[in-house]
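Next come two complexes built around subunit A: one with subunit B, the other with subunit C.
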Partner chain A sequence: MSRALEEAAAPPRLAFRAPQFSAGVLLALPAVLILVVLYAVPLARLMASSFVGPSGLGFEAYDRILGDPYGRSLVWNSVRLGALTTVVALIVGYPAAFGLAFARGALRSLFLASLFLPLAASVIVKSFAWSTLMRSHGVVNGVLMTLHLTHAPIRLLFTQFSLISGAVNIFLPFMILPIYTVVAQIDPILTEAAATLGASPARAFMRVVAPLSLPGVVAGVSIVFSLSVSAYVVPTLLMGESYPTLATTIARAFLLLRDPALGSAAGAILMAIGLVVVVLSRRFGEGDVGR
Partner chain B sequence: MTAAFARSLAIAMMALASLFLLAPLVVIALSSLSPTPVFDLPLGGASLRWYAALGSLDGLWPALFLSLEIAILSTAVSLAIGTLAGIAIVRRIVPGADILAAAATSPLMMPGLVLGIALLQYFRSLGLVQTWTSLLLAHLVVTLPFVARTMIAGLSRFDFTLIDAARTLGCSFMSSIWRVMVPALAPAYLIAALFSFLASMDNYPVSIFLTDARAKTLPVKMLQYIEESPDPSIAALSTLILVATLTLLLVADRTIGLHRLAGLEG
Partner chain C sequence: MGRSVEPAVTPHVAVTSLSKRFGASTVLDRVDLSVERGALVTLLGPSGCGKTTLLRLIAGLTAPDEGSIVIGGVDVTRMPPHKRNVGVVFQSYALFPHLTVAGNVSFGLKGKSLSRAEMAAKVQRALSLVQMERFGDRPVRALSGGQQQRVALARALAVEPNVLLFDEALSALDRNLRETMQIELRRLLKDIDATAIFVTHDQDEALTMSDKVAVMNAGRIEQFDDPVRLYARPRSLFTTRFVGVSSELRGTVAARQAGQLRIDTPQGPVLAEGDLPTGAAAVVSIRPENVAIGASDDQERNRIEGRVRSVIFQGPRSRVAVDVGASADFIVEVGGISTPPSPGDAIVLSWPASRSFAFADARQAA
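Let's look at the complex of A and B:
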């Protein structure tokens, strides 16, 4: 009896910890296996194979990309596509996310549906539909001519304008949704408190709301940049071969040229860009779990 | 600038963004009614001939079924695996929970083509040449981050003491999971399933390296159609998918509320 009492009185913490820990490992094991066997190992092998050239180990494949002007233009085209798309999406998406957070009822449902619904249409079909809008007898030129902003159709398709506007069109929901999630959780009492303490609305925004919205901005920027820097379908359908990027080079190297070393090197450079984004976003997002 | 004016300005911006986002969908839906074989807005007359043409489109149905099969299976497996890992991460009962969370969501930021060629070389070196199996394995990596991200967000808002409470009140362990945890996580499951299903259905950059001439997934087949003969039959197919998704969104809005779903999409 007294033994039982002693056992019951003993702190249960330590007794619980050990089995809980191993249960946790078991729960996480399938996901860890997938991430190691189907993700980390293949990527590490790709990294390694990019150092293997016809003449043995070396940086030959990298030299073919980073060592000549055409190769460097591939990197530049990719980064430019990513950067411009991200900047435009942020300029449009940041205020829009607040608009979404302010909206109520049917308007909010309508806005949210307009963010979710495009995800159901294939990127391929949306890019193609965007290219039809940009044709010389397409809708955009029709509107410009009706408004007498131009007399003859402007060439839009296969221009930077159609590329960036198309990329923003496809990736904008990935900017608005994370910012909205964070903004919607900001307690309105905070801005009221700032106002009570004498801050103007603009000052309350700059000092209270803007810093609180930062994790959403970091999440949106990192996702939109990493999606658009490596986009393949969008530049292919909206620019064709006039805008070669790292992504289009990977596809050409493997599917057409049968030059895996070149494709792997382009892939490794793109992967390095992706890793930089992951590291930066964790640094600025302060390691927030789930964002 | 007053606060009320700033609010209206922000709402106006979102309204413009909505129109901008819906524009290509309107083009797709209208083009599907085109009476001519040109993928463009129909001027003068509408016809359903491209919907009828879907039935006889070469190779479309096998591609659609293959994509559905891979998307449903990979989503189901990822949901199970992602939820288990999500519990371990959120409850911090696994060493390196933060690193695991970052690793599980990082494929979202990894370029799809890079993952595609990495898996192509890897599967070849292992002697795995079967299209179906390699597609399914690859799509697990495509869908898992969507599930992990949403389930971690959903689980971190779930109060695990509710399970203890239910057990104190006489529920068995299984029935406390089934009657307390599952209903509370239903919105997270719905959004995780939707996003990972769509990510798999629409995946081109990974699938292109793993499909062959005989077995193609829907996006691979669609890009081939568009590059060969861009007639409105692809628009008709997309319109059908859009209508199905719109119905699902209406139901989700009525039962759960879209804003609750969007709250999980951090």
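Let's look at the complex of A and C:
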């Protein structure tokens, strides 16, 4: 590892920097063009239109969201969905990532397949499937009644429980995969070294394994929060009108209300929330590694 | 080192009848080993001989199937590694990449309820032992291999362990640095009166660093001796072959006379040290530096004839390969002021009978 660092820092390597740089630009060019044309330009237009109101340029659209109890509940619902989904996915996914990293052979293939295959199914399909499970006469109630845990069907669909569990179900792979990737690279000999230095298994985990897994946690939290805070299909199919979020408001503003300023402002607020969480989690991760 | 015949001192590390199996294969087979306080001992052997397993068992990183391990008078056989107070320096160093040099060294001190000042003093002392005191706040990723090695050593020393264990700890270093470290490390460990067990496959390292060497083969200790006797009086064919270079002649034990064996070989009768019954198939082993070129009338010397096949110049000496009609060439070292012979020369070789050793020839049974 250090040998690689020294070689990377060695002067002769610098002679090759220029061709590597231009090759890098060339390789990234298609992706850069697609992002600029299809993402950055429309995003700039969206941002611009969020400042357009009936009385000219201003923050009127933002005021309609942030200055109004209902508008603020949209923000709160989005943040709540994102935060709860992220926390539950982290609690469920963190040990699962270790299970995946420790598994060998056929078991590991099975684990990986069960993580990747659901990604091939559309979010809409998975949300519908979840709502089918959660129906009054769905599978979950069927099992509960067969086991005599309940006499009558429990109301599950259109509850917070079905929303969060559904969102976790859909976004969990995005928590497990980055953590797994990092954990799988932690040399098991570090745990042995900690043990020979007097650290109990719990202490070795807290002081060695957990800090080293942090970059994976940061990545997983960033991805799952960004995805779930802005989820549209999940709250729409699992909660309907009863859980309006910034994402569902964006859709309503553009599709029903013909109010591009409102939709754009909601989009901008959503993006700001996502950015704040990503930046904060990244900083948290770096701060710990330096200690 | 003439204390080998003293009555046994209570050993600091005592391994008794230790066995370990992985599935069907027995990796360690009823091994006994005792290491005195302050001794530097090397487990030497080819890969797969069980030396690393034995080290891991002493550290508690692997559990034995049978036998017991006592360290400093305490039976630690069933004790988890974090309670044993052993220091381990791993082949890959196993430094914690998220911590600084000082963070790594203080890791083992954190659980010991020391004051901040005491801790800092211990860390600084451990770092100064390995001459790394100015690197405390560096991240370990930024260090060279040799520096990482020193930090790994300082980390193990800082906890003042009962015994230090080194698992091929020098093998990742390049040759020059490794030789320097062997000498430095031996001096340092002697200075602080540490008890240490090294694992290596490198015989030079074993001979340079150790007070005693345990040569291991197929899960057993073949010989446990100080380096000089290990080299000069190997107790088994495996040890002879593994430590140093030797030439071999095959034959049959014809007679036992005056504590020596007379062995008839295709090259002629040869006298050798050993303990084999008359009629047994034997391998006679001779070190190249004990062989002289030229006839001798000394009755205590063996003589064979051969033809020089090749001469390899190696600076201070030349290595001469002589065809004596055996399956492998007979190796002779010629050094100093002697002029080596030329390929094709017919020569006579001789060596003292007391410097050739006979072992049972397992291959002859076929």
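Brief remarks on what is shown
Simple rule for what comes next: the second predicted complex is superposed on the first by the 241 of 291 C-alpha atoms of A that agree within 3 Å, B and C clash if a C-alpha of one lies under 4 Å from a C-alpha of the other, contacts with A are read in each partner's own complex, and residues count from 1 in each chain.
The rule is short, and it goes like this: a residue touches a chain if its C-beta (ideal position, glycine included) is under 8 Å from a C-beta of that chain, and two chains touch if they have at least 3 such contacts.
Note that the coordinates shown come from a computational prediction; the quantities given were computed from them, not determined experimentally.
More subunit A residues lie in contact with B than with the other chain of the pair subunit B and subunit C.
Of the two partner chains, subunit C is the only one touched by A:203; subunit B is not. In the superposition on chain A, A:85 makes contact with neither subunit B nor subunit C. Legend: residue contacts after superposition of the two complexes on their common chain; A:228 is shown touching neither subunit B nor subunit C. By the touch criterion defined above, A:77 lies against neither subunit B nor subunit C after alignment on the C-alpha atoms of chain A. Touch criterion met: A:187 reaches subunit C, while subunit B stays clear of it.
In the superposed model, A:122 makes contact with subunit B only, not with subunit C. Counting contacts by the rule stated earlier, residues 201, 289, 291 of subunit A appear in both its interface with subunit B and its interface with subunit C. Within the complex formed with subunit C, the residues of subunit A that make contact are 1-3, 5-6, 187, 189-190, 192-201, 203-204, 207-208, 211-212, 288-289, 291. By the touch criterion stated above, subunit C contacts subunit A in their complex at residues 59-61, 80-88, 90, 92, 94-99, 103, 107-108, 110-112, 141-145, 148, 155-156, 159.
Interface of subunit B with subunit A (complex): residues 1-3, 6-7, 9-18, 20-25, 27-28, 31, 39-41, 80-82, 84-85, 87-95, 97-98, 100-104, 106-115, 117-122, 125, 137-138, 140-141, 144, 148-149, 152-153, 156, 195, 198, 201-202, 204-205, 208-209, 218-219, 222-223, 226, 230, 234-235, 238, 241-242, 244-246, 249, 253, 258-259, 261-266.
Note for the complex: subunit A touches subunit B at residues 20-21, 23-25, 27-28, 30-32, 34-35, 38-43, 45-46, 49, 92-93, 95-100, 102-103, 107-126, 128-130, 132-133, 135, 138-139, 169, 172-173, 176-178, 180-182, 184-185, 201-202, 205, 216, 219, 222-223, 226, 229-230, 232-233, 237, 247, 250-251, 254-255, 260, 263-264, 267-268, 270-271, 274, 277-278, 281-282, 287, 289-291.
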